[in-house]
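Two complexes are shown next, each including chain A; its partner changes from chain B in the first to chain C in the second.
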Partner chain A sequence: MSDAPTTAARLARNPHVGFVVFGALLMLLPVLASSGLLMTSTLMTLGFTLIYAIVAMGLNLLLGYSGLISLGTAGFMGLGAYLAAYVQDDLGLGFWVAVLAALVIPTVIGVLVGVVSLRVRSIYLAIATLTISEILLKTFEQAEWFTHGTAGKQSRYPVLFGVQADRAVVFLIIVVALVLVMMLTHNIVHGQLGRALHAMRASEVAAQAMGVNVLKYKLFAFAVATMYAGLAGALYLFFLKSSYPSTWNLFLSLNVVAMVVVGGLRSIYGTVVGAFVIFAVPELVLKRLPVIGDVSGLPYIFSGVLIIVAIMFFPQGLRGLWDIGRGLLARRRRPAEPVETVRDEVGVR
Partner chain B sequence: MSDVLRVEGLSISFGGLKALDDLSFSVADTEVFGLIGPNGAGKTTVFNCITQFYRPDAGAVWFAPGAERLDRAGHHGSDAIDLVGEPVHRVIRYGLVRTFQNVEIIPELSVLDNVLIGGHVDFKASMLSQMLRLPGARKEEAQYREKAREALSFLSIDHLADQIAGGQPYGVRKRLEMARTLMAEPRLIILDEPAAGLNESETEQLADTIRQIRDRFGCSVLLVEHDMGLVMNVCDRICAISFGKFLALGTPEEIQRDVRVHEAYLGERDDD
Partner chain C sequence: MGLLQPLLRSLETGSVYALAALGIILVWRTSRVMHFAQGSMGMFSGTAVAFVLNRTGAPLWASVLVGAVVAIFLGFAVDVAVIRRLRRATTVGKEIVTLGLIMVFLGLAPILFGTEPMLLPKAIPDGAITIGDAYLSYNGLLNICLGVAIAATLFVVLQKTKIGLAIRATASDDSTARLMGIPTRSVTMLAWATAGVLGMLAAVMIAPATTVTPTFMNTVQVTALFACVLGGFQTFYGPVLGAYLIAVAGNYLQLYVSSVWGEQLLYLLILLFLLVRPNGLVGKTYLKKV
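Right after this comes the complex of A and B.
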């Protein structure tokens, strides 16, 4: 009589519902913190983890789906942070304009960098983004009117709909942003856009024969990745209420690469887990260990080792381990490993 | 009978090597046309010149796909146009679709998703409406999924639609590549050594499939083969080339009797 069970089943299978449930669970964390079950410092670490998950989602679209690499993530994220502070505090234009500026301006710069470098060769994107990121870092140090230089830019929690936000509210904003980014990323990769990116990564030659304008889709992937970085930068600023140039260095960009590789290329939840492993584990676990916790540069060593282990033994990252585990539980043979990509034949034999 | 494709005076060199030398031939409407020659004769190079992966040093590639497909590619009228200089990714819009000698698929995607990429140029939903999964984009996706399933069932591999393409055996991947060509409203399908790696019965099935595609879609087929078996069976006419030069043109019987063709292939055997 009723079709309620089928509707429920359909909802349960809808990945967007999964993202919302995931977000709802994350929203319990500030509640735990305010009731004293979770340390404030832990909540901060988890908030930053989610922010890094947003950036890493963009890099996954770039590296995992499109096969491109950017080494300038930190620069674009920092730009988002300073823009948010400048628009909110110096110009007094409020939260929404600040977020908009952090989304749009880095993306425009990113597209310009992409147009110049991707025309030549894909690898030039890595070089160009590395360069632009260094230029941005120098700008953050020097442009006092914009960033307050090495003394650091101080900001405050935003005002939303006339209400002054606090740490818990900003955490909720971060969760909402992450869920939206997960949904958007899911939509991108599960349709014609995603197939075009896949085709391009598998073989540019074949993708072109199928009608994919390779430059256009590379630019698209890079634009989205830059937009996520700008957004994450703004959220970072609102959460920490300050920004220092030294934060936005190459190590951060490489750490974002590590999050994607360790979490698993082309996996949305894997990216979140990757952000947790690379950022939160050193903060919450390693630094509290005796002896090891005192080693300087520990997070560097940790991400470095994990990247090497992932590349050598788990090319599918933690997502791959998850698949294996699930396969064992289900006592089912895993689908055959994808065979190596067939190379294009255009070119010298 | 009018020509779909007219290749005129195609020449290209790589360094000092003249890979194609003033080569001309034409493919008629709904014809299955074979291009044969010993290894290294320049067959793949002809394909790459037609599809604009290579820019020929001289010559023209006249293509007459009809008003509808010209319109899709942004041209008015119904006359033949010269494809030389056209960006590679735009060639498929004219209804000129190819397969690859080494089978190019996306191993991580399902068989169905691989076929869907063949319909790429016909997707009209904007990037934004796809990112937001607006109803228009979803409807279009569903419509092309249906079309892709039909293409797969035409190649008798629809039962594999949801499996990962990378794990499929070679024969299935070849069929998958063929199914993909059917997504783009083909006017001319060009197949680079489609029988390579297939056994005798698979090759016979392939010949049937090629004829069925021609009859069902009303398109022409240009196929390149090193091995004579398939071309003799399926082609209406055959052009033989050697060292990038035109050798002979005719029906399979005529080509089989042609002395120059025999010499070219014998010469190859001497090389081995």
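Right after this comes the complex of A and C.
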């Protein structure tokens, strides 16, 4: 993409280096919190924002490349959370097995649902996942041995390499997971799979004609989305140390859709920003506003209106605005030179 | 308990699902939007009914009229302000917009009508008829009759009147219909308003069995979507058929298999059924032209 960059410049442009730097910056947050510059509640909110960014990354892959929606995000995330708690606390198998279970089991269920619903029409996936989510929610309420029902499952911070983790350590784990997920997503999009997904996005029929097995790749995108949801669920549990069925309702799934749409389709950093706007802004800003801050439905209206406005006027989301802004700046700074084409994190044409 | 009793009771809930499903299919056929917000729009106008009834003490029928006005207004507003401007958006984009609508109505309802859960009385408070060893409350009978009558009226309107012809033409091909001089915009607006009223009626019918909260229509929404999937998206009567089937099958499964998991089991069965008949019970084969 670049002509003849020096090693440093090449390193700076390497997206993986960018992800690592981004992660390193995020890791400063617990330090800020322990030195009292950042409130603990703010750190919690930011931690959850990063967890939601992981889920949204998966949905972005699904929505951005295959045009499919999953309304089961909350259900799969909840399943990941309860599995992690069950494996870690009830079976006593430790952190890694817990994470593995939270990754594998939701993915398997997701693939089964996908196989059934994707053969028909794309829209069925939304309805099928909505139903699976309702079934899972019912399971969380009823299966006492697994979830402790509506009383809520209590858990504790994990033990890693023989060391008992605390809140700050779990925050670091979340950051590491987010950076890994960003790298993995980047690689998926830029590899052979990504090319197939791109072809599919441009024209499903043309892609099919060129030998892309559309069903296979849709299923793959959905499996990745489910896997990220399971992982995020496990992280959620380790961070909050408890899980209640009421958390995993439809509106969580809708919020994740909002994060993707507001952040910008097919944008990795956009997804993180989207998660921040949809989850952290209501928590940190809206709730502290005078008069309207106490209104209970406000965050819902905020997300809902943002979704609608984004689809109607900014189909590229915040990322689109960012691109426009950068384009304007570049033009103003160097009017004689041709405008630098904005580099694309996920290689959109 | 005989076999007739659960059947009667499930016909009553079936009517609720059928009305909600009719709204979804009307919107789907005319504006090609999967109406995920049917339930929450019904919840909103249903809550308006409860609000008017509880605050002013107006009789139920008057409150329902107010609710109908609210529902029609909402339908028009959503179509004119949002859906109509989405011509260039993708199918998924439109779906996502209705998801956004869910959140807007969910947030608006407690702000406008208060956070206290409200109650809606039955239209006919007591009394029942007995058929053999089974009984059916007058209210249940009213709900069944209302569901069947409204569905039947809609079918007659769709098949026999000029408006129905316009709706069917729009449903079959939007741009050709416009070329033929059919005011497709008004047709779509009408469809959204009708869907709103149907959702409101479904809400008023189901409300006495529960409390009026922002999420009380969630089950209805999910079941109505499933009724459309089961019945197929290609006809208007398929989803109605699907709705009654789901209600009846769900009720028997709950009674004879598992009272807790019956409904969930049914959903899984429907998903499996789709493997055999992907286009639903009465769905015609869906051909995609390149």
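Here is the rule we use: the second predicted complex is superposed on the first by the 326 of 349 C-alpha atoms of A that agree within 3 Å, B and C clash if a C-alpha of one lies under 4 Å from a C-alpha of the other, contacts with A are read in each partner's own complex, and residues count from 1 in each chain.
One rule holds in what follows: contacts are C-beta pairs under 8 Å (C-beta built on N, C-alpha and C of every residue); 3 or more make two chains touch, one makes a residue touch a chain.
Keep in mind it's a predicted model, so treat the numbers as computed, not measured.
**Student:** Under the stated touch criterion, which partner chain does A:258 make contact with: chain B (first), chain C (second), both, or neither?
**Tutor:** second
**Student:** Given the touch rule stated above, what does A:246 touch, chain B (first), chain C (second), both, or neither?
**Tutor:** neither
**Student:** Where does A:126 make contact in the superposed view: on chain B (first), on chain C (second), on both, or on neither?
**Tutor:** Only chain C is touched by A:126; chain B is not.
**Student:** Quick one: is A:7 in contact with chain B, with chain C, with both, or with neither? Answer first, second, both or neither.
**Tutor:** Neither partner.
**Student:** Who touches more of chain A, chain B or chain C?
**Tutor:** Between chain B and chain C, C touches the greater number of residues in chain A.
**Student:** Is A:164 touching anything from chain B or chain C once the two structures are fitted on A? First, second, both or neither.
**Tutor:** Touch partners of A:164: none, neither chain B nor chain C.
**Student:** For A:205, using the defined touch cut-off, is the partner it touches chain B, chain C, both, or neither? Pick first, second, both or neither.
**Tutor:** both
**Student:** On the A-aligned overlay, A:150 touches which partner chain: chain B = first, chain C = second, or both, or neither?
**Tutor:** neither
**Student:** So, A:41: does it touch chain B (first), chain C (second), both, or neither?
**Tutor:** neither
**Student:** Once the complexes are superposed, what residues of chain A are shared between the chain B interface and the chain C interface?
**Tutor:** 205
**Student:** For chain C, which residues count as touching chain A in their complex?
**Tutor:** So the residues of chain C in touch with chain A come to 34, 36, 82, 85-86, 89-93, 95-97, 99-111, 115, 214-215, 218, 222, 225-226, 229, 260-261, 263-264, 267-268, 271-272, 274-275, 278-279, 286, 290.
**Student:** Spell out the residues on chain B that touch chain A in their complex, using ranges where they run on.
**Tutor:** Where chain B meets chain A, its residues are 44, 48, 51, 53-54, 87-93, 97-98, 100-109, 113, 116-118, 120-121, 123, 125, 127, 130-133, 137, 141, 163-164, 166-167, 180, 184, 192.
**Student:** Under the definition above, what is the set of chain A residues touching chain B in their complex?
**Tutor:** So the residues of chain A in touch with chain B come to 184, 187-188, 191-193, 195-196, 198-199, 201-203, 205-214, 220, 266, 335-346.
**Student:** Please give the residue numbers of chain A that touch chain C in the complex, ascending.
**Tutor:** By the definition above, chain A touches chain C via 63, 67-69, 71, 113, 116-117, 119-124, 126-128, 130-131, 134-135, 138-139, 142, 205, 249-251, 254, 257-258, 261, 295-308, 311-312, 315.
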